[in-house]
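Next, two complexes with chain A in common: one pairs it with chain B, the other with chain C.
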Partner chain A sequence: MPLLGDNKHMSIEVRIPTILRPYTKDAKVVAAQGGDLAGVIADLDQNYPGLGERLLDNGALRKFINVYINDEDVRFIGGLTAPVKAGDSVTILPAVAGGQ
Partner chain B sequence: MARYDSLISSVGHTPLVGLPHLSPSKSVRLWAKLEDRNPTGSIKDRAAIAMIDQAERDGLLTPGATILEPTSGNTGISLAMVAKIRGYKLICVMPENTSIERRQILEMWGAEIIFSQAAGGSNEAVRVAKELATKNPEWVFLYQYGNPANSFAHYSTTGPEIFADLPTITHFVAGLGTTGTLMGTGKYLRDKNPDVKIIAAEPRYGELVYGLRNIDEGFVPELYDESILSRRFSVGAEDSVRRVRDLLDKEGIFAGISTGAILHASLALAEEAVKAGEPADIAFIVCDGGWKYLSTGVYGATNNPDVAQATQDLDTQLWA
Partner chain C sequence: MTLTISQSFVDAIVAQSRAEYPDEACGVILGPVGKDSATRLKAMVNSAHSPTFYEFDPKDLLALYREIDDADEEIVVIYHSHTETEAYPSRTDVAYAGEPGAHYVLVSTRKEIAPEIEFRSFRIIDGVITEEAVEITQN
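And then the complex of A and B:
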């Protein structure tokens, strides 16, 4: 839970897919800050240079990148403006064919 | 009317059953559409029969023809049954990390299986199948991920069946794979009542399945139209296993693992409706029965009572 409203200095857990781990020195989960998804990505890019460019293209999420905040696809809850708060879990996954 | 000219014509008309024990209240109710009651035991019979019928009408499928399809199991099994009866040969490209039962059932109906490597999951199966289709232009590539007959099967059957049985429906929840079920059923329900929420539950597999060589190898099915969906949830193996057991223990429904993911999302929506003090009729899809997944041990009775262990065992598997 957020404490004393000081959300921006508290951390958000971000799960990194295998294919992007070269940017995070192989870390599977990293901490980030930000009030919305755009902020989280900007923070990630600052700590792990180049990662932002793999997620965004012309200021929008790349077609083959899916991002979930607490298991919900961000494209349906505001995209890059989707709010994120301390304690939230952000999962990044490449879009792959589902089983059928 | 429960009499049909043949097994194939008995597809669909599946029961929609209430879940009195898992529904949170009298005004927030869950309803399960039992698609395991189809001829080969999964919702994929609807799409498979529709795609074959359409290819026959288009003159693409002629006697003795060979059908090619990438599949993790259910669509292949449906196609194999129809192909056997109608005299077509079927070649399935299937990831090697799928349950043994799926392979056994495909072989039982005479399908040939080409295994694609585990890393990359269905993504890799689609890639290999597309390559084979290019090299063998005489084969009929039905391609469920981009074949409009797939989603139309749900627009013309699944959607109307659900709306007739549950005109008060507020939410429709289904799995997201080819996206055919959600696109077709979702569009029909929206046409009937624009307020119905269409929700996708997408299985989140272990890391191996997302093992692409680079992001540009990612894949979004050609059938997918984001505007049909209201929300989309990613559900991991642990929640899926827990829910598939709940469905068995509390309602007596023996379903496949992906249905656990769908139930998990449905229960989250039900909880939201309760909190908001709003009535809800939430219909969700039971994609198939649990028979094909018994060997995975997720049902727990004897060989794998611990959810964490059962989840770990699924980590490298394409479980939906």
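And then the complex of A and C:
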């Protein structure tokens, strides 16, 4: 839990899946800033160039990628406009799916 | 490269594939991080409930990753069944393949080969499919 009064000094924790760790020098967890998911992704792309394109396609979240803010799938809480605040945890996971 | 897998897991995957026919069945085998050792099978719900598509429910997926992170495990095998086509990764399978370290196991329960089944394993990395040998152990 974020400490009261300390929020503005805390960043957002972003968990990076194996397949995207080449962009983060193999870091599993990185820090980011932003007021919504789009802002977090823009910040990630600035620090880890190329990561943004792996998450977005024509300005929308790629369907092969699942993104969660804390425990919520962002698809149900506004997608790229989903609000994010200091102390939140963003988890990026590759969808596990396929078909014949 | 080789997938080493116990006969009991092969049997469980085949039984699940038959039980969920005509839908595609899916799941994972987990193991300790870095060992490439398939030790714990976890059947997953195909949230697409479809004979031509499978998908882990996004909530189940998050729970799965939290669970394996806490247990220092990783996904060693991702398996699913094809109900009408051969046990070979489809274009959709390749497009979605997001775990470069995993063995992608495909089972085919198509009618033409019944009662036989196909059980094959692949690596799918950067869109390239590489089939590998399957070594079945008796335990």
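Please note the rule applied: the second predicted complex is superposed on the first by the 86 of 100 C-alpha atoms of A that agree within 3 Å, B and C clash if a C-alpha of one lies under 4 Å from a C-alpha of the other, contacts with A are read in each partner's own complex, and residues count from 1 in each chain.
Note that in this section contacts are C-beta pairs under 8 Å (C-beta built on N, C-alpha and C of every residue); 3 or more make two chains touch, one makes a residue touch a chain.
Note that the structure is a prediction, hence the values are computed from the model and not measured.
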Thinking of the overlay built on chain A, is A:G99 touched by chain B (first), by chain C (second), by both, or by neither? both
I'd like to know which partner A:R54 touches here: chain B for first, chain C for second, both or neither. first
Chain A: partner with more touched residues, chain B or chain C: B
Between chain B (first) and chain C (second), which does A:R62 come into contact with in this model arrangement: first, second, both, or neither? first
Under the stated touch criterion, which partner chain does A:G78 make contact with: chain B (first), chain C (second), both, or neither? neither
Answer with first, second, both or neither: which of chain B and chain C does A:P17 touch in the superposed model? both
Which positions of chain A sit in both the chain B and the chain C interface? 17-19, 64-66, 68, 71, 73, 75, 91, 93-100
Quick one: which bits of chain C touch chain A in the complex? Just the residue numbers, please. 24, 26, 28, 44, 48, 50, 52-56, 58-59, 61-62, 65, 78, 80, 82-85, 89-90, 92-93, 95-101
Write out the stretch or stretches of chain B touching chain A in their complex. 44, 70-75, 95, 98, 120-123, 125-126, 144-145, 175-178, 200, 202-204, 207, 209-221, 226, 229-236, 258, 318-320
Looking at the complex, which residues from chain A come into contact with chain C? 17-19, 64-66, 68, 71, 73, 75, 91, 93-100
Using the touch definition up top, name the residues of chain A that touch chain B in the complex. 17-19, 54, 62-66, 68, 71-73, 75-77, 91, 93-100
